[in-house]
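Naming follows writing order (A, B and C), and every chain is counted from residue 1.
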Amino acid sequence: MTTPLLSLTDVACTRGGLRILEGVTFDLLAGEALILRGPNGSGKTTLLRTIAGLQPPESGTIAAEPECIAYAAHADGIKSTLSVAENLEFWAGLFGTASIDEALAAFDLAALRSRRAQSLSAGQKRRLGLARLLVTGRRIWALDEPTVSLDQSAVSLFAERVRRHLDDGGAALVATHIDLGLDARTLDVSEFKPARVATGAFDESFL
Amino acid sequence: MIGLLKRDVMLAMRAGGGFGLALAFFLIVVVLVPFGVGPEREVLARIAPGVLWLGALLACLLSLDRLFATDYEDGSLDLLATAPVPLEGVVLTKALAHWITTGLPLTIVAPLLGALLNLPGEAAGALVLTLLVGTPALSVLGAFGAALTVGLKRGGLLLSLLVLPLYVPTLIFGADAVRRASDGLTATTPMLLLGLITLGTVAIVPFAAAGALRVNLR
Amino acid sequence: MHLTDRVMMPLFVVAGLALVVGIGWGFFFTPDDFRQGSTVKIIYLHVPTAMMAINAWAMMLVASLVWLIRRHHVSALAAKAAAPVGVTMTLIALFTGAVWGQPMWGTWWEWDPRLTSFLILFLFYLGYIALWSAVENPDTAADLTSFMCLIGSVFAVLSRYAVLFWNQGLHQGATLSLDKDENISDVFWVPLLISMAGFVLLFIALVLLRTRSEIRLRRVQAIEMRERVA
């Protein structure tokens, strides 16, 4: 039995002072992908942000190696006045990885490398945002709706990269509505909706 | 960290004039003062230290509300917070970038504007030195204010309300040192105190600012 | 809550009594000062409110620390509740100071270190209150204002000394100290002491009252939120 890369035990999360998820428990092994599903507002983003460490879980434990998660949100964090290469080089420098060429090639951005990001289309920006994942060099990808505004060929390009990442011993946690053609487990987030309507810690202590 | 510094300075330069805006604002404030108080050379010379310091302080304040706000809006701040760098370091680096694009150029042009206000030549050195020592504290304190207000829709005005009282000690010692120098006195004491405040601010405030950022990202 | 239910009424009564006795005695039954005349009587308002202005901030600082370290929710709300009371005390102290200063120093306002420090304290209060009202999420607001209070305290103290350095003033030294020799005479001292006790009690009563309303507000919000979801 290999130890999981990421392990959640009985995690509860709040959003806007309201508990929206509780009892979230799962393991993520190396080479495994987990697709998060659920209607809008069911807490997929909140769960991903909690796992990424941007907000503390209200209760429960999240066990993972330190600094092994790369998080990609709806917003790509692209600076419009910098070129594609400059944007990517910045993140590569921050994460201490060397080359951006492979990441550019992987998402078919090599031809755009000196273009200012402000002149990119929405899909191209998204591809740049995803290319950032490759330069982080981290094993777990936590992706929030990664395929928004991607066309058909870009989606398959992305799915291909995820597969490569898994083969290299990585893992991925993807909140998405479309079928990526990955061999992956699916987790329906709405299962973890609190049975009893509960409010967050601040309010709870006043009831 | 150096990458972040480079990126922020580059962004400031490319987006609408970078250095230019704060400098132009500083110039305008200093030019408006004689219109307000009259052209007597003695009066201008007397108030010059205070006016120059106040102008530099307000010019610093001008660009603060975008310090974290742009990164917050386009998602970079989320990504920075999950990157393998301490958030305290991010705060300090961004404050440094802010200082390079505002505090430093202000310091360099201040003696020229001092001449406009008839500031005695002997005080020009003190003016440059106090601004050089004092403006980093303004940037770091501003970063704290910007971190507090980053999630708010109209944070700009609130930012000024929060940050300006924090600027009081720096302003007092900075302007006082220049005033003493222009009266031909030694300005060592206020200068040392100014340096102490800056050192203390740079050492402590980034922790509070990073804490505020974390709270705002939740 | 239950404890405060029983304490509230008596507290207000005692506070009111102490204020009436202290201020009334001070205003009507003390001799005029030989130099300052009857204007000295404003001391019974000026000194206690000035003292409470500082104590209120100190209390907010302690409450903020308790919130940051122990995450005790009532503590955050108590800090929030104390701020408007503190700012009112500061305003009264500034105003009575101006009224007293006019006949004494011949000016309504003087950039004296003490006065200036109080003005700066007033600005800090304003910023603190504005931050509370600007942030919607109560947890976030509590955290941010606590940071603000911490850093603000350090800089308020720094400003105090900076201002002293900047201008030596007209204001008389501290009127009260434990060292009895330099104190004002007993005739003024006793009513002043009662008046100060009155203001302390009034402050405690007001903060308790406001904290209770804040707690109830939070309950209402929590219940509303629960109903909206259910």
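The rule is short, and it goes like this: contacts are C-beta pairs under 8 Å (C-beta built on N, C-alpha and C of every residue); 3 or more make two chains touch, one makes a residue touch a chain.
Note that the structure is a prediction, hence the values are computed from the model and not measured.
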item	value
Middle chain, criterion being Cα centroid separation	B
Chain located farthest away, centre of subunit A as origin (C-alpha)	C
Inter-centroid spacing, subunit C versus subunit A (mean Cα positions, whole Å)	49
Separation of mean Cα positions, subunit C and subunit B [Å, integer]	32
Centre-to-centre distance between subunit B and subunit A (centres being mean Cα positions), rounded to whole Å	37
Residues of subunit B whose C-beta touches two or more other chains	218
Residue ranges of subunit C touching subunit B (in the complex, touch as defined)	120, 123-124, 126-127, 130-131, 134-135, 140, 143-144, 147-148, 150-152, 154-156, 158-159, 161-163, 165-166
Of subunit B, residues touching subunit A in the complex	2-4, 6-7, 10-11, 14-15, 71, 73-85, 217-218
In the complex, subunit C residues that touch subunit A	73, 137-139, 142, 215, 218-219, 221-223, 225-226, 229-230
For the subunit A and subunit C complex, residues of the former touching the latter	16-18, 197-207
In the complex with subunit C, residue positions of subunit B that touch it	144, 148-149, 151-152, 155, 158, 161-162, 164-166, 168-169, 172-173, 176, 190, 193, 197, 204-205, 208, 211-212, 215-216, 218
